[in-house]
C-alpha cells in the first residue's frame, strides 16, 4: 500500500468560504474527505496537513520522510518564492507532485513562475480539487513504474 | 460520450526511437493505442494526429471544432513561440489541456515559458506518456463539471 | 492598372465565425468580395490568398514578385516572430503595407511588437476590415507618387 | 457633418523647410489646406492646431471635447513619453487616431514605442501627408459604423 | 463604532530601541497607546498585534475577518515578497490600508516595490508613527463613504 | 499659521466631469473649496493652482518658496517621467507630500513608479479627494514636529 | 564514403536573383552543383534539399537519420526562433554544422543569436557559398577523428 | 563674428540660490554676464535664454536658426527624456554642444543617459559654470575648422 | 571572553542524513560539538540554534542582542529572499558573518545572490563545516581589531 | 606652475594614419607637440604617455601621483570596461578629466557608457584634438578654484 | 604569395598540456608547424605569435599592417570583452578571420558573444586545430576574390 | 609541506598608502611578511607576486602549476571581467580560493559579480588582510581532506 503525504499551503484553509468562482465551493475538509475516499478505493493511504507557516511546511516535508512514499503539495503563494520548501523537498529526496487548483498561467504573471516545480516529478494545475486527485494518481503511477510494485486495491 | 482531439506536435513522431531516457520507450503509435484503450473503458472517443508543421497543427485545431468537445495538445517546441497555435485555440473556443512528457521546469530555461498555456484550462507535465492520460482525465472531468453531463462508460 | 497581392495569415479563415466583437462580423470571403468591388472602382486588380502555413505565406510573397506591384499583408500571429516572412518581403523587394483588423496596441503586450513592420512602407491597424481598404489606398498612393503613373479608373 | 480636431505636435511647424527627404516637401499650412479641401468634399469639418508645448496639446484635446466628434493627432516626439497626452485623450473620451508622416518602425528604436497608441482607435504611419488623410478617412468610417450616421457630402 | 485590526510586521518590536533616526523614538507599545487614545476620541475600536512570523500575520488577517471592519497593516520587510499575505487580504475581502513609517521611495530600490499594495485601498508612507494614524483616518473615511454609516464619537 | 501650496498637475481640471468611477464625482473647484474649509478650521492657509504645463508646475514650485512652508502635490501623469519637477522640489528645499486620488499600485504598471516620491517626505494614494486632506494633515504634523511650532487653530 | 545531407532553409531559393551584394551571385542550383563537384573529389556523397516550410525542414532532418552521417544546415531566418529544428537535430543525434552565407555578427542584432548553434558541432559564417564547403570539410574532418575512418577519395 | 545662442533649461533660474555645493555659487545672471564678457573678448556674440517650459526651449532652438551659427545648451532634467528638444536640434540643423554644470556620471543613474547628446557635436560636463565657457570655446573652434573662417577678436 | 550566537537556517537539521556529497557527513549536532570544542580552546563562548521558521530566526537575532558580541549565520535558502532577516541584523546592530557549507557560486544561479550579505562583515562559503569555524575565527579577529580586546584563551 | 600628466590609451598611436574622418588628421606626436606649445603659454607643464597595455596605464596613473597635480586621460576602448584604471584613479586621489576625440554618444551603444567617468571631475567628448586642450583648460581652472593658486603664465 | 599573421591569445600556450578533451592533444608549437606545412603547400607565408597580454596582441595587430595581407586570430577569452583588440583590427584595416578551437556555442553563455567578430570577415569555431587551417583557407579565398589575384602554389 | 602561490592583482601595490579605511593600514610588503610568518608556523610554503598586468597574472597562474599545490588569489578589479584569468585557473587545474580585503557585497553593484569565483573552491571577503590568511587556511584544509596528507608543521 502506497503512503502519500498531502500538504496544503497558506490560505487554503479559507477554501469554500471565499472566492468560490476561483477556487471552487468545497472546503478543505471536504476536499480531504473526498481524497481519502478515492484513495481508499485505490489502496492508497494519505495523511494531510495545512499550514500558513513556511517553517511548518518545511517540517511537514521533513517528517514525511519517516513514513511516506511521496508528496502531493499545493504550496499556494509560497510556490513563487520559497526556496526553503524547495530545499526541503530536495533534501528529503521524496518524489513530489506540485498541484494548483486554478490555472496559474491564466492569472497574474507572478503566479506563472514556480521555484518549487524544478525539484518535482511534475506539475498539475487548473482542475480545481481534481488537481489533487490527478496528482495522487500521477505520483502513484510514477512510483509503480520506478519500483515495479503495484498498488494493492 | 465525450469526443477529444489529441494533438502531437513536432518531433513527437521520433518517440521511442530516440532519447528514451528523456521521453520514455514507447513509440507514438503505442502511446496512441494505450490512450485509445484507456479512453474506450472510460467512454471517451479520441482522434489523434501528429504533425511537424505549425500550419497543419493550426488547422487540426480549427477542424476539431466541427466534432470534438475539447483538445489535449502537446505542442512540443512550438509551445515556446507559436502565437499562431495560441490564436487558433482561442479562436475556436474549445477547452484545451497542454501536456508535456518531461518536466519542463527541470530542463533548459527556454522550456519553462509557454505561450500556449495561458489559453488552456490547465497544464500537466513530467509523467511521460501518463501526462496524456492524466490530461484526458482532467479535461473530461472539467467538461462534466461544466455541463453536468457524465461520461457513459 | 495597379496589381496588388492581398495576403491573409493564420486563423483569418475563422473570421466572421468567431470573436466578432474583436474582428468584426464579416467572413474572409465577404471581406475579399468587398475589397475586390472597391478595387475595381479604383482601377486596381487584386489577388488574395489565405494560409495558416508560414512557408506557404513565404512562397506567396515570392510568387507575387512575378506579377504584382505590391503587397497588402495581414500576417496575423506571425507578425510577432516570423523573420522568414520578413526576409521574404525584403528579398523580393515589393513595397508592402502591414494591416491588422484590431488595434494591436490595445491588446496583449506581445502583439505590440512586429518583426515585419520594419521592412514595410507603413502599418495600419484598428479599423476592422477597413484596414485592408485603407492599406490598398495607401499602397497605391505610394506607388503613384514613386512612379508618376496614375491608376486608371 | 462630422467635426474633427486635427492636432500637430512639436517641431511639425518646421515641415517643408527641413529634412524633406524624411517628412516631405509640404509646409504644415499646405498640408492643412489640402486636408481642408479633401475634408470639405467629404462633408467633414476640421479644425487644426500646432503646438510645441505638451500642456497646450493637453488643453487642445480637452477643448476639442466641447465641439468635435474625434481627434486625428500626430504627437511627434511626445508619442514616446507623454503620459499626460495619453491621460487627456482617455479623460475626454473622444475617439482618436494617431498618425505619423514617416514609418516609425523603420527609424530609431525609441520611435517604435508609442505610449499614446493604446488609448487610440488605431495608428497609421509611413505615408507622408497622406497619413493624415487616411487617418481622417479611417476615423470618420469608424464614427459612421459606431453611430449609423453617414457623412453628408 | 468602527472596528479596525492594526497589524505590525517583522522587526517592528524593535521600534524605539534601534535606528531612531530612521523609525522614530517611540516603542511599539507607545505607538499602540497613542493610536488607541486617538481612536477612542474618534469612536474607533482597535486591536493590534505584532509578529515576526509570516504565517502568524496571515492568520491574524484571517481571524480579523470575524470581527473587524478593516485592516491597517505595516507589513515591514514582507511587503516586498509575501504573496501569502497578499492572498490572505484578498481572500478575506476586508478593506486594508498599507502604511510605512519611512518613505519607501527614499530608500533602497527593493523597498520601492510592494506586492501587497495592489490589493489595498491605498498606501501611506513617510510620516513615522503618524502614518498609522493617517491610515486609520483614511480607512474609516473610506468605510463611511462606502456604507453611509458615520463613526460615533 | 502654516502656509501650504497645493499643486494639481495635468488633466486634473477634468475632475468631476470624466471617469468619476476612477477619480470621484467632485470637480477640482469643489475639492479646493473643501480643502480650504477644512484647512481654515485647522489654522492652515492654502493656495492652490492647477496646470497642464510641466514648466508652469516647475515655476509654481519655485514661487512657493517665497511664501509657503510646504507643498502638497498631485503631479498626475508627470509623476512617472518629470525629472524637471523632481529637480524643482529638491532645488527649492520645501518639504513636499505626493498625493494621488487613486491607488497607483492597482493600475497600469507604468503608474507604480514615481520619479518624484524620492524627494518627498512621504506619499499617500488611494483615498479620492481625502488623499489631499490626509496629505495636508501629514505635512503640517511633520512641520510641527520639525520646528516645535504648533498650528494655531 | 561519407554521406552528408545539406539543408537550405527559407528564402534561399531566391539566391542569385535578389540582393547579390549580400548573398553572392550564384543560384542555389549552382551552389549545389559546385558542392557536389567538390564533394565528389573528396569522396563525399551529398544530398541537398531546400524548403521554406519549418515542418519540412524538421522532416528532412529526421529522414537524414536513415542514410546520412551528418548534416550541413543553413537554417536561414529559422536560426533565430525554431526550437523545433533544434529539437529535431538533437533528436536524431546526427552531428551538424550550422552555416551562414554572410557574417551574422555584422548584421542586425536579432541575427547574432542562434537557437540552433548550441546543438551543433560548430558554426561557420561569412564566406558566401564557401561557408557550405568549409562546413562540409569541417564536418568530415570531425567524423574522421571521431571514428578513425578516412574518406575514400 | 560668430553668433551663438546659449540655452538654459529648467530650474537653472534657481542657480546661486540653492544647492551651491552642487551647482556653484553664481546666479544665472552672473554666469551670463561672465560668459558675455569672455565672449566679447573672443569676438563672439551671444544671446541667452532660460525657460522651464519644454515647448519654449523647442521654439528657442527653432528661432535660433534665423540668426545664430550654433547652440550651447544645458537641457537640465530634459536631457534625459525630451525627444522633442532632440528633434528640434536635428530639425534646424545647427551645430550644438551639450553642457552640464556637474559631472552627470557621478550622480544618479538616470542622469548618465542623454537623449540629446547623439545629435550634438560633443558634450562637456563637470566644470560648474566653466562648462559653458569651454562649450563656447569648443563650438567656435569647431565652426572655424568647418568653415575656415576665424573669429574676429 | 567573546560570546557568539551561531544560527542555522532551514533544512540544516537534515545535515549528515541527506546529500553528504554536497553538505558533508556530519550531523548538525556533531558540527555544533566540534565548533564548541574549537571555540573553548580559543576562549570563545558560543550558543547555537536551528530553525526552519523565518520568524524564529528573526527573533533569535533580536535576542542575541542581549548577550552576544556577534553572529555567525548560515541562512540557508532564506539567504536569497529574506529581507526580514536582513532587517533584523541591521536593526540589532551586531556584527555578523554569513557562512555556507557549499560554494554558492558553483551551484544554481539563484544561490549566487544573497540579500543578507550586504549587511554582514563578510561571507565565507565552500568549505563544508569548516566554513563555520572560519567564520568564527574571522568574526573574533574582527572584534579584536575593532575593540583592542583579545580573546582570553 | 601646474603639472599635468596626459595619458593616451590603446590604439591612439595609430592616430593620423588611420580613419582620419573619425579621429582627425594629426598624429599623436603632433597632438602632443600642440598641447605642449599651448600648455607652455599657459604656464602648465605636461608629460604625456601612450600605451596599449592596461597594466602600463594603471602604473602611469600610480606614478603620476609622485609629481603631477592632475590627469587628463583618454582611455580609448578601456573606458568601457577597465575597472582597474578606475580603481587606480580613485586610489591615487588625483583629479582627472576624461576626454574623447569623437562624440561617444553618436557612435555604437557600447561607447556611451564609461566606467571611468564616475571617478573623474568631468568629461569632454567630440572636439577632436581640441578635447585634450579643453580638458587641460578645465582641469587647471578646477585646480585654481580648489586651491586659490593661479597658473603662472 | 599571400602573407598572413596568425595570432594566438591568452592561455593558448597551455595547449596540449591541459584539457585535451576540450582543445585537442597538439601543443601550440605542433599546431604552428602543421599550419606552416599546409600553408607552404598552398603558397601562403605565415608568421605566428602567442601572448597572454592584451596590449601585446593589440600591437601585434598594428605591426602586422606593415607586411601582412590579413589576420587569422584566436583571441581566446579576450573575444568576449576586448574592445581594444576590436579597435585595433578596425584601425589597421586588415581583413581578419576569428577562429576558436571549440564550439563556443556549446559552452558557457558568456562565450557565445564575441565583441571582435563584428569587425571580422567571418568566424569559424568547433574544429580543434583545423579551425586555424579552415580560417587560413577562408581568408585567402576571400583575398583572391577581392583582388582577382591567385595564390601561387 | 604544502606549497601555495599567493597572487595580488591590480592596484594592490598601493595598499597602506591610500584609502586605509577601506583596505587597512598595512602595506603589501607587510601583509606578505605576516602571511609568510603565519605560513611557516603552519608548515606551508608560500610565494607571492603582485602585478597590475592581466597577462602577467595569467602567466603567474600558469607558472604556479610547476610547483604549487594551490592558489590564493585576490584579482582586484579584474574579478569583474577577466575571463582570461578564469581560463588560466581552469586550464592549470590548481585549486584556488578567491579573496577580497573588503566585503564586495557592501560596495558598488559591479563588485558583487565575480567571473572568477565559479572556477574556485570558495570565496572569502571582508576581513582586510586576514582574508588572505583565512584563504590559506581554507585551501590547505581542503587539500588535506582531498589527499589525506597533513601539513607538516
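Going in written order, the chains are labelled A, B, C, D, E, F, G, H, I, J, K and L, and every chain counts its residues from 1.
We adopt the following convention: a residue touches a chain if its C-beta (ideal position, glycine included) is under 8 Å from a C-beta of that chain, and two chains touch if they have at least 3 such contacts.
As the structure is a prediction and not an experimental result, all values here were calculated from the model.
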Each chain counted as touching chain D and chain H at once: F
Separation of mean Cα positions, chain G and chain C [Å, integer]: 33
Distance between the centres, which are taken as Cα means, of chain L and chain F, whole angstrom: 56
Averaged-CA centre spacing for the pair chain F and chain A, given as whole angstrom: 49
Touching two or more other chains - residues of chain G: 53-56, 81
Each pair of chains that touches, named by its two labels: A-B, A-E, A-I, B-C, B-G, C-D, C-G, D-F, D-H, E-F, E-I, F-H, G-K, H-J, I-L, J-K, J-L, K-L
Chain I-touching residues of chain A, taken from the complex the two chains share: 53-56, 58-59, 62, 81-84, 86-88, 90-93, 115
Residues on chain G engaged by chain C in the complex (per definition of touch): 9-11, 13-14, 18-19, 51-56, 76-78, 80-81, 110
Contact footprint of chain C on chain D as seen in their complex: 97, 103, 105-106, 112-114, 117-127, 130-131, 134, 137-138, 141-142, 145
